[in-house]
Amino acid sequence: MSDPVGPLDASRSPRFAGPATFARLPRRDQVERCDIGVVGIPFDAGTSYRPGARFGPAAIREGSRLLRPYHPGLDVAPFSRAQVADCGDIVANPFAIDEALDQIAEGARALLADGTVPIVLGGDHTVALGVLRTMPEPVAVLHFDAHLDTWDTYFGARHTHGTPFRRAVEEGLVDTERLVHVGIRGPLYGSDDLDRDAALGYRILSTMDVAEMGVRAVAARVLEIVGDAPLYVSVDIDVLDPAHAPGTGTPEAGGLTSRELLGILRLLTDARIVGADIVEVSPAYDHAEITSIAAAHVAYELICLVARRIG
Amino acid sequence: MSDPVGPLDASRSPRFAGPATFARLPRRDQVERCDIGVVGIPFDAGTSYRPGARFGPAAIREGSRLLRPYHPGLDVAPFSRAQVADCGDIVANPFAIDEALDQIAEGARALLADGTVPIVLGGDHTVALGVLRTMPEPVAVLHFDAHLDTWDTYFGARHTHGTPFRRAVEEGLVDTERLVHVGIRGPLYGSDDLDRDAALGYRILSTMDVAEMGVRAVAARVLEIVGDAPLYVSVDIDVLDPAHAPGTGTPEAGGLTSRELLGILRLLTDARIVGADIVEVSPAYDHAEITSIAAAHVAYELICLVARRIG
Amino acid sequence: MSDPVGPLDASRSPRFAGPATFARLPRRDQVERCDIGVVGIPFDAGTSYRPGARFGPAAIREGSRLLRPYHPGLDVAPFSRAQVADCGDIVANPFAIDEALDQIAEGARALLADGTVPIVLGGDHTVALGVLRTMPEPVAVLHFDAHLDTWDTYFGARHTHGTPFRRAVEEGLVDTERLVHVGIRGPLYGSDDLDRDAALGYRILSTMDVAEMGVRAVAARVLEIVGDAPLYVSVDIDVLDPAHAPGTGTPEAGGLTSRELLGILRLLTDARIVGADIVEVSPAYDHAEITSIAAAHVAYELICLVARRIG
Amino acid sequence: MSDPVGPLDASRSPRFAGPATFARLPRRDQVERCDIGVVGIPFDAGTSYRPGARFGPAAIREGSRLLRPYHPGLDVAPFSRAQVADCGDIVANPFAIDEALDQIAEGARALLADGTVPIVLGGDHTVALGVLRTMPEPVAVLHFDAHLDTWDTYFGARHTHGTPFRRAVEEGLVDTERLVHVGIRGPLYGSDDLDRDAALGYRILSTMDVAEMGVRAVAARVLEIVGDAPLYVSVDIDVLDPAHAPGTGTPEAGGLTSRELLGILRLLTDARIVGADIVEVSPAYDHAEITSIAAAHVAYELICLVARRIG
Amino acid sequence: MSDPVGPLDASRSPRFAGPATFARLPRRDQVERCDIGVVGIPFDAGTSYRPGARFGPAAIREGSRLLRPYHPGLDVAPFSRAQVADCGDIVANPFAIDEALDQIAEGARALLADGTVPIVLGGDHTVALGVLRTMPEPVAVLHFDAHLDTWDTYFGARHTHGTPFRRAVEEGLVDTERLVHVGIRGPLYGSDDLDRDAALGYRILSTMDVAEMGVRAVAARVLEIVGDAPLYVSVDIDVLDPAHAPGTGTPEAGGLTSRELLGILRLLTDARIVGADIVEVSPAYDHAEITSIAAAHVAYELICLVARRIG
Amino acid sequence: MSDPVGPLDASRSPRFAGPATFARLPRRDQVERCDIGVVGIPFDAGTSYRPGARFGPAAIREGSRLLRPYHPGLDVAPFSRAQVADCGDIVANPFAIDEALDQIAEGARALLADGTVPIVLGGDHTVALGVLRTMPEPVAVLHFDAHLDTWDTYFGARHTHGTPFRRAVEEGLVDTERLVHVGIRGPLYGSDDLDRDAALGYRILSTMDVAEMGVRAVAARVLEIVGDAPLYVSVDIDVLDPAHAPGTGTPEAGGLTSRELLGILRLLTDARIVGADIVEVSPAYDHAEITSIAAAHVAYELICLVARRIG
C-alpha cells in the first residue's frame, strides 16, 4: 500500500499560501485511498437563533492552516500513519431540511463505502442526524454541547439543530446504553427536559461536573460509559465558553475552556471512534478566527485518535 | 379624533434610554388608532448566501433611536401629522417558508384591516411577497435592489429572497405596467435574466443610470413609471454600496450611496405609497450600526412621504 | 393571587422576535404585581476611562433573549414561582451626576414601594449608590469587582463610578460588619488604598483567593460574612477577565471566568437578597455579545436566587 | 529665526515606530517657537448619544502616522514653512463641564499668547466653545456638521455638544454676519430649529446643497460669507457619511464623502484661519482607523492652509 | 477545441459551499488549457506600513463566491467565452525579497508560456515588478493607486511596495510613452516626487481629476495614453477610499468609490490587456469582506475585458 | 540621588489624556537616570504567519494607560522605588532582518551601558535574539510560549521568529543549564523537534503541566531551574489562550489564562531578572485591547519584580 500523501510542506510553501483544504491536506481526488476524510457540510437551515454555520467549513479550513503534522501529547504523526484527505463539501439544500438530510446521508454513506472515517465540519447540529443515519450499526455517542439537543420539535419541525439526539434514539441509530452529554449548562425549558433526556438513555456530565471532577476523571467516566463500542463523537463548539468560542449560534456563559475540551479528547485513546463532527461554528460572530482555530484543533485531536488505531 | 401620540421626548429621556420601539414611538397597544405602522418580520429562511436578517428588525429599531420628529427636506413632522406606532413583530416559522408566508400575510392583513399603512422591517426579501399578497388591488412597485429578484427557483424552492418579484407578477399582485427596479448592478446568471425580467414588466434604472442621470432625473423617471397608482416601495438595503451597508447578505461592489437613496426617496412626494419594506439588513455583518442607521433613515423617509399625504 | 405571567413562549415566537424586554418578560404595565423587577439605569457620566455603559441596559436585554425559564442547578422556574417583569429604564440626567443620583433613587424607591425586588442593569457603578440609598435598612453588601470602588474623589467629584462603596458607608447605608469585595485584582494607587478600604469595614476575597480557594469555599466565606442580613449584591462585570468581558470600561487582566462567577452565585441559596445590580457593561467594546450574555446570565442567577425564597 | 523642526524622517524611522505625536512632529517642548500647534482636548462629558470622543486625540494621532510633509494640491510643505508642533493634551475635568470649559480656555489661551494657531483635536463639540472664548476678536465661523449645534439646553445643561454655536453668539464670540454651517442634514426637533438658527445669524449649506452645487461652488459661497475676517473652522467629523466616519457619536445617513470635505477645505486658500478644531471622533466605533485617518487628513489640510499664509 | 469548463453551478451547489477557488472556477489541473488564469501571490514582505496582504489571495477568493457568470454591462459571459481557471498560488520566500521576486517571475513565466493571461491577486505591490519582468515586450501600464510607487529606496531596499514602477522603467520593462497613474492623492515626501515621476514617463489622473472629469472622460484619456499597446493593469486597492477599502495597508482619505473604479474599467473595451494585478488587500483590516468583494469585482471586470477579446 | 519621577498623576490628568508613553511614565530624556527602561522594538519581518507585531509597542503603550503605581500582590510601588522610564522605540530595518538585529543590539546595548534593565515591547520574537546578544554574560532563560522557537531555518532564513532560542544557544548567549520553556502546546513538525530542543538544554513545562501542577508548583520548578543566575524572561503573548490573546500571529488553542501567567510571574520574587521582552502582540487581530492590556500587565509584573530588588 502506498505511503500516505501528507499536507503541503510548510518549509517550502508558507502556511498562508496554497489550497484551502483542511490543514492543506490533499484533496480526495489526489489520493488513491482515504482512511480519514475531513468533509464539510455547509448547512444551517436548522438553526433557531444566530445563523451562519453554513460558512463554518470554509472558516475551519482557514483556521486549520497552522496545524502541524506531529501531535506530541499523543505521540502520533497522523498524516503519515493514515491517509487523511479533504473530501470537500457535501451539498445540502438550504431551503428543504428533509431533502438536505437525505443529501447528507448520501454523501456520508459514500465516504463510509470507501472505507473512510468521516470527520465532519458543520454546519449546524442538524447535520449530525444525517451522518448518524449512515452508521452500519448503533453507535455509542459522546456529545459535547451546552445543550441537550434532545428536544422534540420547534415550530412543528422535527429536524432542527435542537433535536438530532432524540431522533437518533427514535430511529435506533444509537446504542442507548452508551450515550453521554458533556458540558451541559445553562437554563432549560423545564425540569422535564432532564427527565425526558434521561429516559432516552443519555447520561450527563455538566460543565460544573467537569470543573469539579477535572479532565482526567471526566475522560475516565466517558470511557466507562462508551466502552469499546463503535463511538460517534459530536462536538458542538458552544460547549466552549463564549470567551473561547464567540463564533457560534446559541452561546451560553460559563462554559469549558478549549484546554479542557482538548484535554478530555486527548485522554480517549481507548475509544473506538468511527465518525465525528464539529458543528455550530458561525464565523460572522467569530473574532480573529479564535473559534475556527479551536474547532480545527478539535478536528485534529479526533484525527489523531483515529489515526493511532489505524496504523 | 385624538392627537397623535409621538415618540418619547428626547429632552426628558435620553435617546439611549427607553423602549426599543422604532424611533421610540408608542407601541400599537398604547394608541387608539394607527395610521402608519412599523412592523418587524424577523425571518431569513429564504436567504441564499449570508443569513442573519432575522435580527434585522431589532437592529433597525436600535438604529432608529437618533431619529428626530421633524423632516426639514419635506417640511413635515410625521409623528404629529399621523399616528405612527410600532406594531411589534410578525412571527414567521423559521423552518417552513410557505407557512411563514401565510403568517406574514395574516399579520399584514390585520394591519391593513385596521387602516394602517405598513412599513415593514425585514427580514430577507422573501417577506415582500407575503406583504404584497395582502394589497387590496394590484400595486405599482418601486424596487430598490442590486439584484432583480425575479428568478424562478433556487434548489427547487419557489419562495426565496431571489424570487418574490416573479411570484408577485405570476400571482397578479402587481400592476405590470408600473414596475421598476432601481440600483441593479453586478453580474447575472445569463443574458436571458434580463429578457425574462423585462417580459414580466419590469423597467430597470441601474446603478450606472443613477450615477449618470442624477437623483432628480431618476426620481422623475420613477414617478413617470409608477404614476398615481397605489405604490409599494421595496428597499433591499444591498442597493447601497457595501461601504454604506456592509451588514447585508449578498453585497455587490459599486452601489448607491445612502445620500443618493435618501435623495431619490425624498423627491417622491407625488407618489401614493400604500406599503413599503426595508429588507436584508443582517446585523452580524454590520459595523457601528451604519447599515441599521441607513435603514432607519430609509424607513423615516417613507413614513414622512406617507404622513404628508395623510394629514 | 393570579399566576405569574411568564416570558414569550419560544416554541411559538422565535427568540430573535418579539419585544426587547429582559428575557422577553412582560413589561411592568402588563402585569398586576411585580415581585422581581428588572430595571435599566442607562447612565455613565461617572465613568473615568472607557465610557459607554449608558448602552448597557439595551445590550443586556438583547443578550437575554436566549435565557430559558428553568434553572436546573437551582431547580427553580423563576418566572413561574414569582412575577418577574421588565420595569423599563430609570431616566437619569447625563449631564448632572447629583441630579441623576436623585432620579435613580426616586425610580428605585418606586419599585420598592411596590414590593418589587430590584435587579438593576447599569449603567456605570455610580448607579449603585442611588439604589443603596433606597434600602429600608442598612444592608450587607456582596461586591464583585476588579476594583475596590472605595476611593474618595476624582477631580473633586465625590460621586463617580470609583466611589460608591465609600459613600455608602459614610451615608450609613450599609452594615459595616457585613461587607465583602470578591474578585479584587490589579494595581492600586498606593498601599493605603487597602488600609482605608479595610477601615470602612470591607473584607476582600481577591481573584487569586478565588483561584486558590475554589468557588465552594468562596461562597461559604461570603455567606459567613453576610450572614442572614438583607443583602445587596453588586456585580461589576469587570470582575470577569477581559477574555470573558471585553465590553467594559476599566478592564484588568487576570480575572474570573464567567463559570466561576456564576458558580459562586449559585451557591448563595442561603443569602437574603433584597436588591442587586449588574453594571459596567459597555457594548461598544463587546464582541458577539459575549459580555452582554454573561451579564444576562448573572441577572438570571440573581433572579433565581430571589425567586426561590419568594415562592 | 531658526528653521522649523520637522517630523521624524520616514526614510530612517518607519512610520509605525517613534512617538505618537501628530504626524510624528516634535513636541512643543522640543522647539523654540510654535507657529501652528496641534493640541488634544480629550473631553466628552457633553455627549448626548454615543460617548468615547475622549479617546479621539490619541486615535487621530495614531491615524496621522501616514501623513507626509508635502501637499501637492496646495503646493506647500507645511512643516518646512512653519513650525508645527504637537502641544500635547489640555486636561479637562471629565465630571464638571463648566470647570472643563475654563480649563480648555486656559489651555487655548496659553497657546494664543505664545503666537500659536491652535488646531484642536477633540473631544466632543463642547470643546469648541472653550476655544472660541479665547479668540481676541469675534471670528467668522465655518462649521462642518450634520447638526446645527445651536440648541439651547439638554436636560437643563447649557454647555453640551449640541449648544456651542448658540452660546458663542450669545457670548459675542463670533461675527454674526459671517457664520455658515456646511453639511447639515437629517431630521430636526421642529421647524423652529431652523428659524432660531437663522435668527442667530447662521447660513446653511446642506449636504444636499453640496451634492447639487459641487465643491467649487460651495467653497466660493463659503468664502463669500466669511470674507477676509479671522476665521474659525470647526469640523464635526459626523459631517461625513457614516460609511466614511463610523467612529462618531451621532451618525446621520446620507453625508459627505471625505473627498468632498477635503476638496472644499483645499479651495479655501483665501481664508484667514486663526483657529480650528476637528471633533467627535469616537474610536470605539471606528474600524481600521478610517475615521481617525479622515480626521488626520482634515487637520493636515487646515495646517497647510494656515502654513501657506504664514511663510 | 473543447468548450470551457465553467464555475460550479450555483443552482446545484450553494455559493457558500464548494472549493475556495476564484469564483468557484476549476483549478488549472482540472482543465486542458487556460486562457485566463487567476493566480495568487501571497507575499507582503515589501510592505512599509500595515502588513497582511499575504492573506489577500485567500480573502479575495472567499470574496469572489458571489460572482455570477454573465456581465450585463459588457454583455459577456467570460467563463463560457474563454477558459478561465484558478492557477493556485505562486510561492514566494517571505524572508528574502529578491529571491521572492525571482520565484514570482518564474511562476508568472510558466503561465505565459502556457498561453495564459495572468490576473494576479496580491500580495503587496512589490509583486507587480516580478510579473512585469515576464512580459515579452515593454508594456503600457495603467496603474490605479493612491500612491505613485515610483520612489527609489526605503531603508536602502530597492524592491519594496513603494518602488516597482521606478524599477520597471529602469529595467526597460514598460513603454515609457504609455504610462498612467489613476487615483493619485494625498501628501507626498516633496515636490520633486512629482518631477521624478514625470521624468520616468508617468502621466497622472488624480482622484480630484476623476471627480471633476467623470469616469467617461477618464477612460477616454486613459485609452488615449495607452493606445493599442499591450497593456498591463495594476490595481492597488488603496485607490479606493478607506470607506470602500478599509482592508489595506496604506490608506489615504478622499479616494475613489468602487463604482468609479469599476466604471472606468468597464469602459476600457478597446484596451489590449496582457496581464493585470489587484494588490494590497490586507484582510485583517477588512470588515464584512467589503474590500475583498471590491477586489473580486475588479478581477472580474478585468477577466471580462480580456475574455471579450479572446472569443 | 534624586527621587524617581513617576507617571502622570491620574487624579489630575485623566488616564485617557496625556502622552502615550508606557503607563504615562516620563520619557528617558526627561529623567537623569533610568533604572528600568521600557523600550519598543516595532519589528515583525521575522513573522511566519499573521504579521502586524510592528504595531505592538504602540498598542501595548495604549493598553498600559490603566496601570496604577502600587502592586498589592508584591507590595511594591515600582515607580517610586526605581526610576522607570519609557525609552522610546529602537528603529529596525523592516526589509533586512540581519541589519535589524544589529540595530536592535546597538539600541539595547546603549540601555545596558546606561545601567538600565531593558523591558522590551515587541515586535516579533526575532527581536529577542538581538537583545540577548547584548547580555554581558550567558543568561538563564525563562521562555513563555506556545512554541519552542528553537527551529533551525525557515525558507533558508536563520533569523526569524521561530529560531531565536536555537541561535542563542549556538552563539553562547545563554546558560544551557538554566533554560526553560513554559506553556508549550500544540502540534509540532515531528517528534525530533522535542529531541533537538532538549539537546540544546531546554526543559519544558507544557500548558498541560501548568494545568495539572498549578501556578505555585510551576513557579517553584522554574526557580529551581534558573537558580540565582542572571535571568532573561521572554514572554510570547501566544502563551495565552486565543481567548485571552486573540491579537497575535500564531495562535494555538488550549493555552494559559492571563491569570495563570501573571500568577506564575508574581511568584518569581527570588529570580534575578536582568532583561525581559513581551513579544508577538499583533493589534490588528486584537479586540477591545484585551491582548494589549494583558501584555501591559505582564510588563508591569516584570517591572515590579526588578524594582523590588533595586530599592
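By written order: A, B, C, D, E and F. Residues from 1 in each chain.
As a working rule, a residue touches a chain if its C-beta (ideal position, glycine included) is under 8 Å from a C-beta of that chain, and two chains touch if they have at least 3 such contacts.
Since the model is a prediction, treat every value here as computed from it, not as a measurement.
Relative to chain B, the chain whose mean Cα position lies farthest away is F. Chain B and chain C have Cα centroids lying 40 Å from one another. Residues of chain F in contact with two or more other chains: 12, 14, 16, 48, 54-55, 94, 154-155, 241, 243, 257, 285, 287. Pairs of chains meeting the touch criterion: A-B, A-C, A-E, A-F, B-C, B-D, B-E, C-D, C-F, D-E, D-F, E-F. Residue ranges of chain D in contact with chain E, taken from their complex: 10-12, 14-16, 65-73, 75, 77, 241, 243-244, 257-259, 261-263, 287-290, 293-294, 296-298, 300.
Every residue of chain D that touches chain F in the complex is listed here, in rising order: 12-14, 16-20, 40, 42, 54-55, 57-58, 61-62, 88-89, 91, 94.
For chain E in complex with chain D, the touching residues are 48-49, 154-155, 186-191, 193-194, 207-208, 211, 241-243, 246-247, 250-255, 257, 285-287.
Listing the residues of chain E that touch chain F in their complex gives 44-48, 50-52, 54-55, 93-97, 154-157, 160, 284-285.
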